[in-house]
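These are the structures, in structure tokens.
Next come two complexes, and both contain chain A; in the first it sits with chain B, in the second with chain C.
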Partner chain A sequence: MRHEAPRTRAHVETAGLTVTYRDGLGGERAAVRAVDLALARGATLGVVGESGSGKSTLARCLLGHLRPGARVSGGHVRVGDVAPFDLDSRALRAFRGARAAMVPQNPLSSLTPHMTVGAQLGELLRRHARLRGRAARARALELMAETDLPDPASLHDRYPHELSGGQRQRIVIAAALAARPELIVLDEPTTALDKTVESHVLDLVARLQAELSATLVYVSHDLNVVARMCSRIMVMRDGAVVEEGDAAALLRRPRTGYAEALIAAMPRLAPERAPSPATPAGPPVVSARGLRFTHRSPAGLFGRGAVGRPALDGVDFDLARGETLGVVGESGSGKSTLAALVCGALTGGAGSLRLDGRPLAGLARSRPADQRRRIQMIFQDPLASLNPSQTVVDIVARPARLYFGATAAQARAEAARLLAALDVPAETMNRGPRHLSGGQQQRVAIARALAARPDVLLCDEITSALDATVQAQAIALLRRIQSEHGLAILFISHDLALVASIAHRLLVLEGGVARDHGPTRETLLTPGSAYTARLIAAFRRNATAMPSSAVLADENRTKKMLSSGH
Partner chain B sequence: MADAALAPSAATARTPSPLRKALRSPATVVGLALVALHLFLALFAPLIAPYSISAIVAEGLTPPSAAHWLGSDQIGRDYLSRLMSGGRVALLVSGLGVAVAVALGAALGLVAGYAGGWLDDAVMRVTDALMAIPEIVLIAILVLTFGKDLAALSIIVAVVYTPGVVRVVRARTISLAALDYVLAAELRGETRAHVLFREIAPNLSGLLAVELAIRVSSAVLKISALSFLGLGVSQPTPDWGLMVQEAMSVVFTDPWFLILPAAALSSLIIGVNFAVDGLARAYGVSATEA
Partner chain C sequence: MNAVAAMALRRLALSAVVLSLVSAIVFVGTEILPGDALDSTIPADELIYYTAEDLSRMRAELGLDKPPVERFWSVFTGLATFDFGVTIVTREPVWDGIRHPLLNSLLMAGVAVVLTPLVAIGLGVLAALKPGGRLDAAISGATLFGYSMPDFVVGNVFIIVFALQLGLAPAVLMVAESAPAGEMLSVAALPVAALAVSGVAYQFRLLRAGMIEAMDSEFVERARLAGLSERRLVLTHALPGALIPMLNGSAQFVAGVVSGAVVIEAVFRYPGIGLELVRAVAQREVPTVQAIAFLAAFGVILSNLLADLAILALDPRVRRRADG
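After this line comes the complex of A and B, so read on.
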């Protein structure tokens, strides 16, 4: 399918576009380097790349927007007959509302907290469609209905914080479409949303794009999503275009090693590739029976706090040595509460929790030191879990000093050995964690956990802050550690595809209740509950956009990539 | 091919030291120079001043001359010598008092912020009570109670400035305690003392340095105001606030007696603020809550 009709001028065009920003050292760095782009009216382009690739900067340029300190140092941008960077601020405001619209990543920060969503839509309609009063309200309700919001009349008068994440993102989309723009730019619009919600929002965007025959530019780090939404894909790295072409062709036969690595790193839901259950499972290291927890709202001036719905309601599981139990669920499913109970960050849970048959006390503080040592936690945000005032080697050395009474020199030597084994460069050892890349930071956090020589590793969304290729490396690392040390791993994530690629067994949570619990492969092939089936379907819908040949070839690629990486 | 593609780019790039970065800004350089000048004068003014601060060496109110660059004051003392020493007492008292305030405030703020509960409530209610009294009234009451010698003034500065430090440190402690590295330490089973002094406190050093500098400059201003009102430094010790007050009787005939000490005081305050702004930005410390 070709989008640029010959002899017709492209609808959206950049030529040699270069954006530089001051780096605070008096020098200039390029965020976007000589990017050429030509899109016909109604074309859909996905821009993918890892963090820092310049994809967001490029997308903003299409609306004539630059971050403070950045400037266009070469080339030009054109949308229709307009060059956004040549417009004065009034003309630019009119252009942005009426002809080009942007849907940003975080819907909450792009809505004004003190105005009802209806009032915010009304303001846009007044400015761009000259609608007032009753007409504006009627149009706002129409837009809300168009974005599949339930009961627009009652939502119209609510404030942003009273809406769910998916509803907010629909409002932002409704606002973006208020003036029937010819160009829609979406910057990671579903990253903050649950998978089933994401799926609905993507359907909605695709439908509205077709109705308006708008040109769509979709920025994302998620190739699955881009493959589903766009007919063309552009891969960026360090500000430059690495590869651009027809989506299906690019995914099937990437021409560059970088695109190939990106495709290989995407987790894909493939039951046939799920790890089979660990063979001699043995007695469980951790076992939970009837685990229950209810958050108590803070006690007021009078009386005790109200008791709400339980965050965790009667969950059972067993975790054996050498086995990975994947815990999947959307936000509010209780999966983080489960981790907090096991590691001892929360107290007041009911039911039984045992480590090697011995009961575990609520808070870590009231557990014996040996129990604390044997359960180690790895956190979601690696940077927040490493103290910026300590050096990498000191961070990793601490558990040896605390648990094994090692001398400072012994502990540091052991830490250095661990860090080397996890491929953290030796020259970073005496630096602060801020000087490391995200992937290296997470390796340091893993090294700290291993320094305690644990039996159980708790991983709570440990890859969600990492780029896809780094995420694939982290997962490979965990597998290696597990086979070397025979660890039991509790792997918690909202990403079913990711969990399915590492977990021997799955525990699916919804609203604090276990909906499914069993070997990964069987659970994926024959889900035991409607909820699990729906979750699988939401992941499938993205995955079907990916060509099967890529699926078949990528296991080898991942292996090759990871082994040559070190 | 793939391995090169996946190497973390520029993660370990060398960056210049924060101090070097700070010195690129002219305002920071001016600020640091002013602070250095004032510290130098505070330490060595008696050694380098042309005359003693209390010796009567001329007629009253003589104009500038080769022997007396800034002339003489009402009773014939060399004005330049007195101006050079005019910040010493205020700086000494402020420095001592604020150092105590920061140490005490940091300790209380850390404990209150981390422990929470009744301890937090107790510390914060006392702080609120102290902060509810207008500062100048509080100072007046304390001066009338403790007198106005150096030790008393230092204690007064400490009492007045501690509550502010407690609040800032408590707020930062609460936000730091919510970070995962603190949770990680608690889950490891570290003692409360280890969590407070090894995990949290080191991350307050930038904040405390900013607090110290900003509050010393504010205390100097306050001590000068006290001297102006006759509640602070008294004759014959030279002090900018006192010199401004003495100048009030001759302000229409000899305005430089007002302008010079006021300018000296302003240059110290401006110097500290410029220097702190520049350094805080370069070291990535937020000075906004100070």
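After this line comes the complex of A and C, so read on.
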């Protein structure tokens, strides 16, 4: 029997909660410092902060879970009448899933790859609802329907990799809600999803939370999303609570400089502040006509592999010196294929691609060294793109040795100069890239690209692995570099607001086809296609809670635009 | 399943190439060695009784005077149809000479190959339940030791400990080549264990690494936070994925068993194909050496194919890729 907690008691509570991790040197480092939290049943709390702020550790504590090496060194956690850290393992298992559920960050890696999604729902129903066989299957289909999954009967027996990212996140949510928990903890549940998909998932979570009248704790680095989902916001930094309060009030009048900086760093879709292209436009550095590419499956025993839908289908663009072309679209829209074709990482593309009027060969290795030097690429994951066995300064010195035949000493001096110009601390130069923060790693990757003195910079989602404040710094840096060196930049991102803040012109892709192409401001204000209008609307919807007069004005404009049938 | 059949077919086609190369290399090897089948049948001190004409006449009778390419071709065409021909000197069918040793070795290796992954899985799961714990440390330490031991050391240590000290098994096997399978199995216990040591150690290490990675994964964390039991996490969520690298290791182990059997059989005097191979090489019986090498290569290829099919069954992602 469960005892009903007294009305005055909070439903979810932490008091002085402190969690420490063992560091490699035999010492301990606090990840969560004396956090007090009190939530009434049905309340919604957003926990925001940058990576390393302790927000995810706090979230797992609410389910009595600690990652290896961590321990609760002070304070306590209570959910209803249960203190999860005081439970024995059997009672803890009964508490998890049944009364408190977790929706983890990455739906792509949070489902067991070799089990069908139906089996993964089924095992939870057997565990918590004592349902078996046909009854379990029927309930699993109900849960899937509840999370708006299309055709549950056919999805039930599929493996996770056969579902889209949004579908997988719905499955994870369905699994979390299988036993009707009273507390739902979500840890960045939509970070890996496209904006329009995110918007649907957020609607779904809000609806289910209301239906279950569950208490909701939503962890995210994205203030827009938290503002939309939660009535209260807690800002964390270095494990401690910096500020807590009513969501709208906190966003409008942050009391601390840190919260203010976080709010300021959020990209906002503001067409009137988009940079405008130079007039008249200079001659194009890169010019593409009718770019087409179709992925082929590997050749089988009998001839070539099957040919599917083209990843890129007849795309034209021109990119002038000193100009940024923003490429936006959702996953699978062909953005990265476009970058791969320009930098020569793919073979078998059709259409024409020219650099300063001269044709570019398909593969980078069949291009002259000078053409290779002039087009440089920066990748999404800086760590994966930097050689882990080299020091930072050697990584950046390489292009000078390769393209300009500099001596080792010259190249290193040049690299040190570049790194200093990009504010990479001098003491990190002789370390491996692993020992740098994500923002510093991306600066090193940018420095390596600049060391080749390129004319064209390809940036493929270069800030999606970075926190908002670090992202804002990286964008400012890119703008500075562009004005100093007159670079042409191809800036690819799924984040329309981010692209709009840096791109002079926009190219909107959907399924490999250009839906819109023109100056950023005009494209945002009068989108030429329904797809672009939908994309803009999805961004607006997540940003509505942000009380910025500019945003509100945009909102009205979009509504008018949509209703007038553009 | 169509794609699976296509893959198996592709593999078999590739196997034909590998088997041809193996035959060629073995033939070149026996050709490079000084002397031939005739030299090795005539004791050195009797050579003075033969004139050069006698020797070349006898060579011609045995077919040893033909150019190497022709001799290779006659062996090779036989192999392609699984007709191993007759021995050079005694003119007995090669198959009759290797049949019993082959079956004895298959018995020993078969038991080792089946037992090894089972023991490795058991130990790997136990160790991964608490990585860094006392049990894990003990098993990991023991397997690292076992893995670094050459087969002949393991074999001799087993003889010293189990046969000489404990008297649990005979030190040298006194068993007829054609003894029935039951009797063979009873004397094979020690050789099988000695043969399995390195395989268990290697496969355990692969499985433990896979298990620890899986137990640390986001999907196991999600399942754990959904209230599933540790047992279920280990057996249903972590183990199947962790088996994949281990199965590749198992296929490699089969290749290792072929060479391991030669050593282990020599150490225990187990009447298997390894001893037969050593004898055939010493006597320059090229058809016998060819037949054994061919069968060994065939066994390795087959086991790799079986491992790939098992991986297809375990990993739906690979299965779909093969389909696409």
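Methods note: the second predicted complex is superposed on the first by the 535 of 566 C-alpha atoms of A that agree within 3 Å, B and C clash if a C-alpha of one lies under 4 Å from a C-alpha of the other, contacts with A are read in each partner's own complex, and residues count from 1 in each chain.
The working rule: a contact is a pair of C-beta atoms (placed from the backbone, for glycine too) under 8 Å apart; a residue touches a chain by one contact, two chains touch by 3 or more.
Predicted model, so just to flag it, every value in this text is computed and none were measured.
Visitor: Look at where chain B and chain C land on chain A after superposing the complexes, then choose clash or fit.
Guide: Chain B/chain C on chain A - steric clash.
Visitor: May I ask you to decide whether A:Val172 touches chain B, chain C, both, or neither, giving the answer as first, second, both or neither?
Guide: After superposing on A, A:Val172 lies in contact with chain C but is clear of chain B.
Visitor: Taking the superposition as given, does A:Asn106 touch the first partner, chain B, the second, chain C, both, or neither?
Guide: A:Asn106: touches chain C, not chain B.
Visitor: For A:Gly348, is the partner it touches chain B (first), chain C (second), both, or none of the two (neither)?
Guide: neither
Visitor: Does the superposition put A:Arg127 against chain B (first), chain C (second), both, or neither?
Guide: Second partner only.
Visitor: Classify the contacts of A:Gly290 with the two partner chains as first (chain B alone), second (chain C alone), both, or neither.
Guide: A:Gly290 sits against neither chain B nor chain C.
Visitor: Just checking: does A:Gly97 make contact with chain B only, chain C only, both, or neither of them? Give me first, second, both or neither.
Guide: In the superposed model, A:Gly97 contacts chain C only, not chain B.
Visitor: Using the touch rule from the top, collect the residues of chain A that touch chain C in their complex.
Guide: 60, 63, 65, 68, 89, 93-98, 101-102, 104-106, 109-115, 120, 123-124, 127-128, 159, 161-162, 172, 175-176, 178-179, 297-298, 300-302, 305-306
Visitor: In their shared complex, at which residues does chain A touch chain B?
Guide: Contacts found on chain A: 24-26, 52, 237-238, 257-258, 260-261, 343-345, 364-365, 367, 369, 372, 377, 379-381, 384-390, 398-399, 402, 425, 427-428, 435-437, 439-440, 448, 452, 469, 473, 557, 560-561, 564-565.
Visitor: Can you list the chain C residues touching chain A in their complex?
Guide: Residue list for chain C touching chain A: 6, 9-10, 216-230, 232, 236-237, 240-241, 314-317, 320, 324.
Visitor: Which part of chain B faces chain A closely enough to touch in the complex?
Guide: Contacts found on chain B: 1-9, 11-12, 15-16, 21, 24, 179-181, 183-184, 186-190, 199, 202-203, 205.
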